[in-house]
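A quick write-up on the structure given underneath.
Just so it is clear, A, B, C and D label the chains in written order, and each chain counts residues from 1 on its own.
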Amino acid sequence: MKTFTRVLLLMLVVFFFGCRTVTEEKEKPAITIEEVLHAQKQWCDALIEIGNVYVAGGDYHQVTDSIISLLYDYDHGQVIFKPTLAFGDQTFRLSKQGAVAYFAGSDPDFPDDKGFALRPWIAAEFENIGNDHEGIHLYGDKAIGAGHVHFTGADGGQVTVEKIFGYRKYDDGSVRIILHNSSLPYSP
Amino acid sequence: MKTFTRVLLLMLVVFFFGCRTVTEEKEKPAITIEEVLHAQKQWCDALIEIGNVYVAGGDYHQVTDSIISLLYDYDHGQVIFKPTLAFGDQTFRLSKQGAVAYFAGSDPDFPDDKGFALRPWIAAEFENIGNDHEGIHLYGDKAIGAGHVHFTGADGGQVTVEKIFGYRKYDDGSVRIILHNSSLPYSP
Amino acid sequence: MKTFTRVLLLMLVVFFFGCRTVTEEKEKPAITIEEVLHAQKQWCDALIEIGNVYVAGGDYHQVTDSIISLLYDYDHGQVIFKPTLAFGDQTFRLSKQGAVAYFAGSDPDFPDDKGFALRPWIAAEFENIGNDHEGIHLYGDKAIGAGHVHFTGADGGQVTVEKIFGYRKYDDGSVRIILHNSSLPYSP
Amino acid sequence: MKTFTRVLLLMLVVFFFGCRTVTEEKEKPAITIEEVLHAQKQWCDALIEIGNVYVAGGDYHQVTDSIISLLYDYDHGQVIFKPTLAFGDQTFRLSKQGAVAYFAGSDPDFPDDKGFALRPWIAAEFENIGNDHEGIHLYGDKAIGAGHVHFTGADGGQVTVEKIFGYRKYDDGSVRIILHNSSLPYSP
C-alpha cells in the first residue's frame, strides 16, 4: 500500500508538471510596455530619417519602402493604416504601396499624397495619454496604445496629431505595427 | 495489487485527457467576420436606440450606460475610445464615464460633450472598406476593422465619419469593443 | 513640545520622501531582455531587407545608410563595430560610413568591402547562448549579449558567425547598437 | 521655542545637505581613459606573468585563477568572454572556470584548451585604434575599447589578434572586465 501511495503521488506530480509543460508551449511571447515605447520612438525616428534622406537628395522613396517593411507588418501579415491627411477612397491604406505613397509621395496611384515625411520634420515626439502608461493596453502578443505625436517641421511649424497604434509581437521576437490611425484633433 | 494497477491506468487516462483538456482551454475561441459585422450593426442600432429613448422622454442616460456596458469592454477589460468630436485633454476616453458622457452628454466632468446620440440619428450604416471584408483583420480572439459610418439625422442632415473598431471575444462567447477610433474625414 | 515633536516628524518625512524624489530623477530607463531580443531580430530583418532592395534594383546603398542610422548609435553617440570580413587598417568601423560600406559596398574609401548584405541573404537567425538568456547581461541602460547568427544565402549556402552586441537605451526609449563584434568561428 | 527654531533650522540643513549626499551616492564613479589603458596594460602583464610561473614550475593554474578573479568580473558580476581559439559549444565562456581553462589548460571540462598563456609569451602590447583614443568609448561607469594585441612568443613567433574589451568600474574604485572578445584577423 505504501508503493501504491507513492505511485499515486508521483502520478499527481507528473500530471501537474506535465500539463504545465504542454500549456506553456502554447503561450505566445507577450509584448511589453517597453517594447511599445520603443516602437513609438522608432516610428518617430524613421519619419525624420526619411526627411533627412529627402533633403540630402537620396533615394527617399526606396528608404521609405524598406522602413515600412521593417516597422509595419505589411510583408508578414496585414495592416490597417489611416494616415492623417488621406481622404476619400484612399483614406485607409491596407497595402504597403499605399503606406509608402503616403510618406514619400510621387506615386501616380495615390495622386493626392504629397509625401508626409518630406516637409521635412526635424523632431517628432510621442506623448502617451494618462499616467503609468494607462493608455497602452497589452493583450498578450498584441498591444494598442493611444496618444499624440508632436511634430516640428524644418520650417519651424508645429503640428500635433492624434495617434492610435496597434502592435503585434511574433514568436521570433519581431514587433510590428498592425494598426495605425492618425487624425487631426477636432476643433469645435 | 490489482487495485494498484487499476489506479495506475486510471491516472494515466486522467493524465492524458486532463492535459488535453487543459491545453484546449488555452485555445481561445476565434472571432469571425460575421461576429464583427454583427457588432458593427449593433453599434449603429444602439446609437439610434439612445436617440429614440431621448426623444421619447425616457432615461436615455441610464440606457446609454447599459448599452456601453453591453457593447464596450469597460466593465471587463480596458478600452481606448477616441470619439469624433472630442478634443483637448478629453480626446481619448479610457473610462466608461467618458464614453457615456460622449453619447449622452450632461456630465459636468465632460462639459464639452453635447451628447452625440441625442441629435438624434434615424439611420446609421457601417460601410466596410475593400472587397471581401479585406479591411477586417482577424487575430484569433481579436479583430480590427476599418470603414465609414454614414449617419442620417432626424433633421435630414448626413454625416460620414471614419471608424476603426477593435473587438475582443471572450471564452464565454462575448464580443466587445476594446478600441474605437472615430474621426472626421480630412478635407484638403 | 508637542508641536516640536510634530515638526520633527514632519521634517523626517519630508527628508526621506524629498530625497527619494531627487534620487529617482536620476534613474535611467532600464533595458530589458525583450528589447535585446527584438533588437537582435530587427538586425537580422534589416540585413535581409538590404539584400531584397539590392536584388530588386533599388537604391540599396541609401537604404543601408538609413537602416544603420536607425539601428546603430552612430548619429547619436559612438559605436564600435568589427565586421566579420573586415581586416587590416579597416578592421574596426567607428564611423557610420564604415558600417554602410561594409554592408552595401561600393565605397572607394573601403575598397575591400564587397557589400556583406548583397550576397544576398534570405534568412538570418540569432541564436543566443545558454539557457534563460544567460548570455544576455543587463547593466541598467546598457546590455551586452552574445551568440551566433546563422545566415542562409540566396545561393543556398549557410554561414554561422559569432556575435557580440552591445545596446544602449536612451531616456526617450530608443535602443541602439553601441557595440557589434562579428567573427568567423575559430577552426582548430 | 528657541530650541524649536534651532531644531527646525538644523533639520533644514540636514535636509538639503543630506539629499545632496544621497544624490551624489547615486552618481557612480566614472571610468577614465587612463583606467582603461591601465587595465589593458595589466591584462598584457598578467598573461606574461602566468607564462613565467609556468616556466618556473610554479602553480600557474592557481595563479591564473587568482589573476582572473582580479581582472575579470566573474566573482562580482557577469562576464562575456570569447577567447581567440575557442570554438563549438565552448566558444563563449560565461564562467570563471571557462576563462581559467582557456589561459591555463588542463581542465577536463574544456579538453580543447591547451592553455593560451603557456606558450609562453614574453611580450604583449595593446594597440588602440584611432587617434586620441577614439576607439575607447566611455559610458559613465562602463567603457568599451577596441584594438589589437601584438604577442611575442618565447619562441620568437609573433601573433596579432583583434580585441574588444568592456570594463565596469565599481563604487569602490575597482575596474574589472565584463566583456572580452578576441578573434584572429580575417584574411581574405
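Everything that follows uses one rule, which is that a residue touches a chain if its C-beta (ideal position, glycine included) is under 8 Å from a C-beta of that chain, and two chains touch if they have at least 3 such contacts.
What you see is a predicted model, and the numbers here were worked out from it, not measured in a lab.
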{"item": "Where subunit B and subunit D overlap in contact partners, by chain label", "value": "none"}
{"item": "Chain at maximum distance from subunit A, centres defined as averaged CA atoms", "value": "D"}
{"item": "Inter-centroid spacing, subunit D versus subunit A (mean Cα positions, whole Å)", "value": "40"}
{"item": "Where subunit C and subunit D are represented by their mean Cα positions, the distance between them in whole Å", "value": "22"}
{"item": "Touching two or more other chains - residues of subunit B", "value": "none"}
{"item": "Touch-based graph of the chains, sorted into line, ring, star, complete or other", "value": "line"}
{"item": "Chain-chain contacts as defined at top", "value": "A-B, A-C, C-D"}
{"item": "In the complex, subunit A residues that touch subunit B", "value": "3-4, 7-8, 11-12, 14-15, 18-19, 22-23, 26-27, 77-78, 80, 82, 84-88, 91-92, 94, 112, 129-130, 134-135, 137, 139, 142, 144-148, 162, 164, 166, 168, 178-179, 181, 183-188"}
{"item": "In the complex, subunit A residues that touch subunit C", "value": "29, 32, 34-35, 37-38, 40-42, 45-46, 49-50, 52-53, 58-60, 62-63, 65-67, 69-70, 125, 172-175"}
